[in-house]
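Heads up, the next two complexes both have subunit A, just with different partners, subunit B and then subunit C.
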Partner chain A sequence: MIMDDFLIRALIAGLGVAVVAGPLGCFVVWRRMAYFGAALAHSALFGVALGLLLEISPTLAIVVVCIAVALILVSMQGQRQLAGDTLLGILAHAMLALGLVVTALVDTVRVDLMAYLFGDILAVSDIDLYWIFGGGVLALVALAVIWRPLLAMTVHEELAAVEGVPVARTRLMFMVIIAIVIAVAMKVVGILLIVSLLIIPAAAARPFARTPEAMAILAIVAGCISVVLGLGSSMTWDIPAGPAIVLAAAVLFLVGGLLRKTSRSYEQ
Partner chain B sequence: MSDTNTAAADNSGPAIAITGMHKWYGDFHVLKDINLTVERGERIVICGPSGSGKSTMIRCINRLEEHQKGSINVSGIELTNDVKNIDTIRREVGMVFQHFNLFPHLTVLQNCTLAPIWVRKMPKAEAEEIAMKYLTRVKIPEQAGKFPGQLSGGQQQRVAIARSLCMNPDIMLFDEPTSALDPEMIKEVLDVMVDLAKEGMTMLCVTHEMGFAKQVADRVIFMDEGEIIEQNEPNEFFDNPQSDRTKLFLSQILGH
Partner chain C sequence: MTDILVKVDDLSVRRGDQFSLSHVSLAVKPREIITIVGPNGAGKSTLLRTMMGLIRPESGVIIRKPGLKIGYLPQTLTIDPVLPLTVRRFLSLGVNVSKGTRQALMEEVGVPHLIDRPMDVLSGGELRRVLLARALLRDPDLLVLDEPVQGVDVSGQVEIYDLIARLRDEHGFGVIMVSHDLHLVMSATDHVVCLNQHVCCDGTPEAVQAHPEYVALFGDRVAAGLALYAHHHDHDHDAHGNVIPGSGDGHAGHDHG
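Up next, the complex of A and B:
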């Protein structure tokens, strides 16, 4: 098989995203923030629309919108009127709807909605690659800086506060990192599937890892395998690449779970 | 006390001094005119009906909750919005919660060294040495390499106590540390707390374990509807309660 240029770019982009999504996804799993991540991802389309409207980089606009939505969600955490999942559901879908509406309104150059919703990894450009690697490295470094404090907060937020962890600052940084990763991962799997790229490799790694760091590394490995398998099957059977990657990750998760069941896990 | 900016702990005065403290949640007046002085090395047990404000009161002491009126001094440092003061006070005060919440992916030892290494920047070897010392003190040094999921609830709560001691606090707050445990595990945790009390730790414990109160408390405080209704040394408190509310409460928890 001839390794086409676009395929190599797709592979690099996919692997780049998998390397950041793995460790970040571990925290999304540990902190039970899958719905939070989904809400941010759903808001990303509004970021795209805003980018078109203001003629700025859509990636930048996505980061800004995601951070804004994250801040709104955090500031509403204390309220007691609405259950957390209800609030997330409302915000996620309202933002997605808003994104669709505004996109339609500013649609002068015909936006490829499918690409935003489900990813278009085979059309990754050099500029996209710069974003993925620039954003990815930034996110990884930031995550490394807050790794331990965030871990302590994940165990018990109040205990961490009592022990002197700068809780508010760490939480804010974590959200910014999620926003960045969502913005750069969107090209690969799209708004609707981003969260799966965060949580499935992490969940697949979980039963095999004995330390948080090992789980992060295994999640990276699982993510990279999924990208390779997904792109391969996309080429072989002419199926959409983003969904193929997610499916590959899900298969890994299942196989891993079955393997582990036969050899018994140490924790719940 | 001192209103200088250099927040330094003063170990000569009382450990905790709360005067005229009030707290509201919105319109709800949850703590009303709390006055409480805790001397160094004093052991205090706080009891009272559910919702009376016991947790809220001790959570004000390390600023997990903010009070709106009156003052709280810990080791001579007043709790204000000054982040430096809050930080210094949190260094003085350890806390054990009802639910032990250890990290399942870290060993017992790693759970104990996480904060000392990453918040206090203690060298790993030193943090581990200290952790082993406290795990020995709570009588589970042999569990250091295990994961929390492999321990019983009582053992996990003892790890939580050891973990808190690793930060070398002068004052320990306990919020119903045994109420989530199976009955057969309560004693092992209380025994550890009794040892801690004997060593002279300043302790404030919210608990309904009246045996523990009789054994170690210097003072028992009864709260109801956000107020301190009565406080006395344990024998007087149990044998000769003054207010009707205290009598009613004691008859409910002791007389079944």
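Up next, the complex of A and C:
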């Protein structure tokens, strides 16, 4: 069987993103940052528009915008007027709206909104692949470097600080990593579905893991299976690839949870 | 200075527009156990966190012995069930130590059998002992404990205080801890500081207990504390020559001169 070029590129891109999203997604789940991730992802469209406007790489522009939004969120965490999720909701939707407005104003280029919102994995180019792998390797190495301090902080931040963890620096690095991964993963599943690629494989891995590291590896496995299943069903039934990948991950999560429950009730 | 682990002088801390600590001074020496008592909102935890450098004070001086290693037991530690973490992995988050050292410490705190247990199923007393092991792994000069018996039943509380005192004897570190029950911690402490945003009084446990400011702060709770103490610790009292009959309830308000 001969696979088309675009399909091979899609598969490589999807697997590349899944490998990075697995471990990073575990931390997003452990630190309860799903909405934080969503707020950054929603800001990405503004990054795209900015990239087009300034004629720089959209991926780079997304990274910069996401880091800026992350810094704004962190600096506003101290305020007590609004609950955290309200603040995240305001920023996420304001940034998405800003992105849509600015994109509409940039009329020099015809922007395919659907591709940015829901991903266009079948249109991944060689240059996109370089970005995914360059950004992915960078993100993975950085995450490996901060793995233990970040885990210690996740368990108890003040305890970690007393034990000498550079808390502020580690948190900043973690946010930069999220920003990079969002920028490179956007091509695969799009702005509105990126967070699902972070949290669903991690959640699916949880029932089968006894250590944080095992959960990270299982999340990679779950993410890769989702990419293969999603692309496969996209080909077979002619459905959009990005949503198909997310759906496959959700099915994995459900099946895994049910399997685990059944095996537990047998054990008892 | 060499015989002082950490010292704060004229320390004031502000939270918003209110002072949570005002002009507090105290020092911890090696092998000394200092207990801070005080009502809710007295700034006990704030004082500990400021001493460790987690909170920036409004004014005052904090002097830590150069290279001071602190073992810290936070007041609460909740492991989200979504994070799979065994006791073994939890201990390894602080410092890398050999398997032998880890096992020896788990035995010292009395819970060697818990090493492969998930953190989120530990009881209150088990969690305290595991936290203690993590603090000891650092071979600390100073142990800082914020309510070390939170979530532990009364008989377990006395055991933990005794364990802390015994570990101090063996390892020689200084201890500063927060407690809200002076009676339980009395036998295991050298020096008591009664705090209510400022230092109300300090001295030996007996001296503080008799101090008018302490009695004014804790008036009704002193009696309640005594009843509990008498009920669970008849033997200690017998040794002092006091005969404690029957139930604890009957002794609420009983003055233990």
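Heads up, the rule we're going with is that the second predicted complex is superposed on the first by the 262 of 268 C-alpha atoms of A that agree within 3 Å, B and C clash if a C-alpha of one lies under 4 Å from a C-alpha of the other, contacts with A are read in each partner's own complex, and residues count from 1 in each chain.
We take it that a contact is a pair of C-beta atoms (placed from the backbone, for glycine too) under 8 Å apart; a residue touches a chain by one contact, two chains touch by 3 or more.
Just so it is clear, the structure is predicted and the values come from calculations on it, not from any experiment.
Undergrad: Have a look at subunit B and subunit C on subunit A after the superposition and call it: clash or fit.
TA: The answer is clash.
Undergrad: Just subunit B (first), just subunit C (second), both, or neither: which does A:Arg148 touch?
TA: So A:Arg148 meets both subunit B and subunit C here.
Undergrad: With both complexes overlaid on chain A, does A:Val29 touch subunit B (first), subunit C (second), both or neither?
TA: Touch partner of A:Val29: subunit C, not subunit B.
Undergrad: For A:Thr211, decide between first (touching subunit B), second (touching subunit C), both and neither.
TA: Touch status of A:Thr211: both partners.
Undergrad: When the two structures are overlaid on chain A, which partner does A:His156 contact: first (subunit B), second (subunit C), both, or neither?
TA: So A:His156 meets both subunit B and subunit C here.
Undergrad: Would you please give the residues of subunit A that touch subunit B in one complex and also touch subunit C in the other complex?
TA: 148, 151-152, 154-156, 158-163, 209-212, 215
Undergrad: Going by the contact rule at the top, pick out the subunit A residues touching subunit B in the complex.
TA: 148-149, 151-152, 154-156, 158-165, 209-212, 215, 266-268
Undergrad: Provide the residue numbers of subunit B that touch subunit A in the complex, in ascending order.
TA: Answer in residue numbers: 62, 64, 87, 90-91, 93-95, 97, 101-106, 110-111, 114-115, 117-120, 147, 149-150, 167.
Undergrad: For the complex, which residues does subunit A have touching subunit C?
TA: Contacts found on subunit A: 29-30, 32, 148, 151-152, 154-156, 158-163, 203, 206, 209-212, 214-215.
Undergrad: For subunit C, which residues are in contact with subunit A within the complex?
TA: So the residues of subunit C touching subunit A come out as 49, 52, 54, 70, 72, 74, 77, 79-80, 82-86, 89-90, 93-95, 118, 134, 138, 144.
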